[in-house]
Amino acid sequence: MSALDVASIRADFPILKRTVRNDRRLVYLDSGATSQKPYQVLDAERNFYENHNAAVHRGAHQLAEEATDAFEHSRANIADFIGARADDLVFTKNATEAINLVSYAFLNATLKATRNLPLPDGAERFVLNVGDEILVTEMEHHANLIPWQELCDKTGATLRWIGLTDEGRLDLSDTSLFTSKTKMVALTHQSNLLGTVNDIGRIVIAAKAVGALVLLDACQSVPHMPVDVSKLGVDFLTWSGHKMLGPLGIGCLWGRTELLAAMPPFITGGSMIETVSMQGSTFAAPPKRFEAGVPMAAQAVGLSRAVDYLRELGMENVAAHEHELTVAAIAGLQGIEGVRIIGPTDATDRGSAVSFVLDGLHSHDVGQVLDENGIAVRVGHHCAWPVCRRYEVPATTRATFYIYNDLTDVTALVDGVHAAKKFFGV
Amino acid sequence: MYQEIILDHYKHPHGKGLSSEFASEVHHVNPTCGDEITLRVQVLADGKIAVSYDNQGCSISQASASIMYDQINNFDFAAGDKAVEHLIAMLQRNVEPDEDILGDGIALVGVAQYPARVKCALLAWMAWKDAAIQAGAIEEQS
Amino acid sequence: MSALDVASIRADFPILKRTVRNDRRLVYLDSGATSQKPYQVLDAERNFYENHNAAVHRGAHQLAEEATDAFEHSRANIADFIGARADDLVFTKNATEAINLVSYAFLNATLKATRNLPLPDGAERFVLNVGDEILVTEMEHHANLIPWQELCDKTGATLRWIGLTDEGRLDLSDTSLFTSKTKMVALTHQSNLLGTVNDIGRIVIAAKAVGALVLLDACQSVPHMPVDVSKLGVDFLTWSGHKMLGPLGIGCLWGRTELLAAMPPFITGGSMIETVSMQGSTFAAPPKRFEAGVPMAAQAVGLSRAVDYLRELGMENVAAHEHELTVAAIAGLQGIEGVRIIGPTDATDRGSAVSFVLDGLHSHDVGQVLDENGIAVRVGHHCAWPVCRRYEVPATTRATFYIYNDLTDVTALVDGVHAAKKFFGV
Amino acid sequence: MYQEIILDHYKHPHGKGLSSEFASEVHHVNPTCGDEITLRVQVLADGKIAVSYDNQGCSISQASASIMYDQINNFDFAAGDKAVEHLIAMLQRNVEPDEDILGDGIALVGVAQYPARVKCALLAWMAWKDAAIQAGAIEEQS
């Protein structure tokens, strides 16, 4: 028995009523890329525009007040969802910007320190010296890799990384990677390609032992399992709204109060200032310091409604439901000759991203046949190209499950892969 | 929001003008609208804090500064801070206004309905607290 | 006779049906901060979510194709609106990010050149040396000022600015501001506080004469008048969707093909890459190079619909309509004793932002009384604090007009200011 | 999209394998899916361009490379480029497929319906053009 009532959930998602290619039922197995949106979220966003739309934090009239209230209430609600204080939550356009915001805090602090420019108290933690190290893992999404490559290139710091075992887990045997030079450890909570859920507790202990900060890319965890920053021990958490039933165009950065306070701004402009003159400017306290320009208030309201939706389902139930589908998908796919799962085949400490390759057939071709059958999966390197290199596959086919999927969808996937094999005669 | 009593303070502010004797000076601004206050404090021998200020801004920020002067000039830190905290709580609608603590300041209760104006009402009081702390008023007292 | 049929336009905007404070008709005069949205735009965005939602450029299934098509079609349509090629239009979260993207191109090119890191061909144009100059104006919105202050601070370049005349126009008498050291001239097309429309042709000639690039902040022009980059002669154009009937959370950067191609990336991550390995990465061509992460596709679709809406009205008509309201507002306000307009009182080369101060009364108090009467204006420094300093006012009250305003709204404003005077006895 | 003729080329590619004689080598990738091709060209005395390649990727990218080899190996730049341009136009649905120019390549017309796959079909051909230009094939010819 599933932990969720999928039939009634599906009724909330207008897009699931449409058919695709030759009138097939849509089997949407690409929620790892972006989730679909229930009408409740779409209604909340629309209600904002139709009744309260105004530029937030910029006006004294009634609409501006209502819009500001709605925006800040959303911030508090979303923060609460991950066990955080409202003031420690910064809105960005997506997780990618959130991660860049932190990497640029290092760059800007380093540049300003070099030139003796004013910096917030505590900014030393973000100043890099040649030889300092940033530690990532080989399973990172490009969003949590390239910003750090760029930062190292520009500052002379060194990028190091934790490798992967053949089973698709972090290879934590080489503890010499954590050194007194390590300033930041940036890693994913759940790999978007392998499905692996990392042991964050262990990483945090190793990082704290050497005085490094920890940034957790929670793009694939906040939507899928209970996440509580007050328990995780990390310093920064980043994720996107669009993967958790929320609108496109909004992401989140949570940071410890004292760290956000110590960071110089990234994007600068209106609403993030304290005083401005032609000669120079000073900046507001977080979170505003990091939210220059008119923000995506309608999207914050939509995301807040998404959070309520998930809270009502219960994140424990969401995780249990996905676990059930993951077990079935792994079993079903492994039953097909020539299929190799890239990532753990054991469903413990593992989320619902299931990637695989099929002997003799490129994932694009597998994906195309699935698509003809109404099954939407993602094919390619999933913005985690180094993982493909590590397992020496040019690309994988990936199915990802969410609250609106059920065992019928798993069966459709398995049948579809059989069909692809048959069609190409492999 | 604009009660007679507030308009009176606004038009005839009490204590406006900077004193040349001071231990610390702060300059606070309300970035959304440009209200500004320069506020000076002097901690007296008995721990009481003498305050003087100059400001520009809206009726609420000016009236509130005038009321602040009436209420807590020559108070010690604990007593002044109690008034500041009460004002904050009142503007967040967490307590009923207490005239014994705020005097004319209870007339500011209507501001709570206008979140964008709360900063105006708090400006002078927060400046007082900041200046008092900088002047070491807390230690003096303990 | 107005150039627009305001009554039928108003019927398209759901929010205009609501009342504010004590059941007053909403007189929305804050479109300079953000515009309201017609149902056509809201419907377009919702239709995307309900029928085509997927992560763009990331999947091979039907939804992903449809979403990508919708996104790229929107790009082409929005680009066409300003006379540009689709590939030269980059989507950002707002104009503020767009301007920062360019300022960080300078920073990153400079840092990478110093370290001999790979840069795109032509990146020399973005490398700053100590003593190089960035030229802005005293009427810039913080979004087009602070990024350049920051850039100068971090690179050792010098920020200079063109001052303002008492009438609220650029003081172009001091031509010595344009020198061979000037690398970038960044200025606004229309001041959001003064309403002044700048003579861009003259600036472009002066900038080109010394080999400087020109960035035009078109936040207050693209929504309000015909703008054609093929005629303006500028190198970059930046603006926000939310001020032109579009959704929140989307902005635009247009740049000359060869300049975008020469710029290093700003925000890095997925979808902006060419190849990625742990050792290093290479980047895609523009516009993708500058669009890391899952983009705001739904908002692009909404903005594209907004562009269609404006195109149907005709931007010449929009400008003519606003001109009529501006003339009336200036006349009406000037008729009130104690009112001083901050900005040109002559409506030529002037848009519809009308700012004023009232003797003896702070703009917050004026705004509050107007709000009690249902009139939404903005009060404060309007993110252009240096302009307030220049005219020695702590703040102003600002009315801004758009397609859904009419002369009744102007009358309401004038009556409201009279009421404020009476109430405070000034 | 998957016509018999394409599956044939995919399963039995023509000309796959790199020649050790070459004037220029390029490596092109399709970043969305990781298709890769290494392609070498040699400009012969008469201006003809000999091509060799090695690749990995999907059926479309591999079949298309095999067809490319059949069609334009030992063509001069103008003739090869004409085929490349025709293929692009066909995939953008701007021209009717011309068998005289594309040979088996006309079977790729179905790819036009799948925008995400157009890059797969073009990969080898664009690599050829790039390598030919790098090897100076245009100047040789003019």
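Just so it is clear, A, B, C and D label the chains in written order, and each chain counts residues from 1 on its own.
The criterion applied here is as follows: a residue touches a chain if its C-beta (ideal position, glycine included) is under 8 Å from a C-beta of that chain, and two chains touch if they have at least 3 such contacts.
Since the structure is predicted, the reported quantities are computational estimates derived from the model, not experimental observations.
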{"item": "Chains in simultaneous contact with chain B and chain C", "value": "A"}
{"item": "Furthest chain, CA centroid comparison against chain C", "value": "D"}
{"item": "Chain centre separation (chain B, chain D; CA means) in Å", "value": "77"}
{"item": "Averaged-CA centre spacing for the pair chain D and chain A, given as whole angstrom", "value": "38"}
{"item": "For chain A paired with chain B, centre-to-centre distance based on mean C-alpha positions, whole Å", "value": "45"}
{"item": "Whole-Å separation of chain centres (CA-atom averages), chain A against chain C", "value": "30"}
{"item": "Touching two or more other chains - residues of chain A", "value": "58-60, 64, 273, 275, 364, 368, 379-380, 385"}
{"item": "Chain D residues counted as touching two or more neighbouring chains", "value": "32-33, 114, 117"}
{"item": "List of chain D residues in touch with chain A within their complex", "value": "1-2, 7, 32-36, 56-62, 114, 117, 120"}
{"item": "Complex interface listing, chain A residues touching chain D", "value": "361-365, 368, 379-381, 385, 388, 394-395, 423-424"}
{"item": "Contact set on chain A toward chain C in their complex", "value": "14-15, 18, 20-21, 26, 28, 30, 33-34, 36-37, 42, 46, 49-55, 58-64, 92-97, 99-100, 108, 111-112, 115, 117, 138, 141-147, 149-150, 153-154, 156, 159, 161, 240, 242, 247-251, 265, 267-271, 273, 275-278, 280-281, 292-299, 364, 367-368, 370-371, 375-380, 383, 385-386, 389"}
{"item": "Chain A to chain B touching residues, read off their complex", "value": "57-60, 64-65, 68-69, 273-275, 284"}
{"item": "Touching residues on chain D, where the partner in the complex is chain C", "value": "29, 31-33, 114-117"}
